[in-house]
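Two complexes follow with chain A in common, the first pairing it with chain B and the second with chain C.
After this line comes the complex of A and B, so read on.
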């Protein structure tokens, strides 16, 4: 996927990943980097594990539990993906 | 303070595929995995431990007001089939669970003597908004009855980090409570 992915492309990819698990359509349609997975999208925590696994698969990275700890918003997920891709 | 969590055991979207090793790794400690694989009903044990962690987490967040997502940090111990302890950092929470064919429901408390009023009910409609509104209504009706407060003056609002709080005529009440729903089931505890 190269290292030229823009912020918008990254958000677009995350949006596709979270779609099956969201329970609030309005928040999903307005998804931005400030969107919270739990409070806005109402993703339940079991499905949040699925989101993390899907992010690992999509970007071919490993997210340790210490990194996962912060992954409760689009912004936090973006930061982790960018950090992991840079370390590859 | 109190936390609760319900899991509909037959709900299609009840969390990913727990049989996937990567899922287990992100959720359970090695000790908990051993408990799961040694149990007769593994599906039930997975969601029993999960609901213990969730209920304890909800209590913990009320207490420390800081969110995180790392289920392995909450370590479960089973004392009996339905009673347990969940440890996180230096905190211990006591859990009591109800296990049926349809659901697992857990309440987490700070000590064993804490009195709790709780209710679990089934809803036909699975729409998130409808369920969430119904759950709040049922909870507020219970509060109204047990505390002798006018139902229409009661309201729930969430804090910036998503902790629900109950207000009576715009004044915050010091009632710790927890709401949960999954699939067909909802529950509240206070």
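After this line comes the complex of A and C, so read on.
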């Protein structure tokens, strides 16, 4: 799965994952690589953990504390997912 | 860590402390009880001439024992005598089945579902003194030193 997934497919998957937790609908509708989870989507800290746990389930990867701290935007999440999938 | 030590680390006091004692503690869950005081302030208004423990107070009792006390227990190696844990309730979903009257003793049984990246999510039940299910639900919060 990981090797054949395009950037657009990855963004689409992340968009589905974050949807239940967002507060800002406009930012969500315009979601791109540059969208920030906290500043743009207004996801709270507890729901950011839910995003990370859902990303783990969706891609069957394990995210560590260091990665969690970095995972504050769509771009950062994509980088971590790609890195973890490549290491599998 | 004993029940008394955990309670001493809670950031609550009268009239908003709803924990009397913790009877079972492990990294997987916690059990404790509380007896609602007949003279508690909220019975004057909930309801007029018909005192019944408010659902939000039952939820608070479930959160204090099931989430915060368990959180303190899980952080026990990092917490020192004097620093209180930082806590924030982030979600609760509770279904109610029976009323709790003034003076009733309730037992809270909480099972840990997830504790990662400071977020603790628990499945919590509240039982009356007959062992009947009063309410149950899922409560989450952020807990850290």
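Operating definition for what follows: the second predicted complex is superposed on the first by the 87 of 88 C-alpha atoms of A that agree within 3 Å, B and C clash if a C-alpha of one lies under 4 Å from a C-alpha of the other, contacts with A are read in each partner's own complex, and residues count from 1 in each chain.
The criterion applied here is as follows: contacts are C-beta pairs under 8 Å (C-beta built on N, C-alpha and C of every residue); 3 or more make two chains touch, one makes a residue touch a chain.
Not measured: the values here are computed from a predicted model.
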Which of chain B and chain C A:23 touches, first, second, both or neither: first
Which superposed partner A:4 touches (first chain B, second chain C, both, neither): neither
First (chain B), second (chain C), both or neither touched by A:46: both
Chain touching more of chain A, residue-wise (chain B, chain C): B
Partner chain in contact with A:65 - chain B first, chain C second, else both or neither: both
Contacts on chain A seen with chain B and repeated with chain C across the two complexes: 44-47, 49-50, 52-53, 65, 68
List of chain B residues in touch with chain A within their complex: 7, 13-16, 20, 22-23, 25-27, 50, 54, 67-73, 128, 158, 161-162, 182
Chain B contact footprint on chain A (complex, rising order): 21, 23-24, 36, 38-39, 42, 44-50, 52-53, 56, 65-66, 68-72
Residue ranges of chain A in contact with chain C within the complex: 44-47, 49-50, 52-53, 65, 68
Footprint of chain A on chain C - complex, ascending: 88, 90-91, 114, 116-119, 140-142
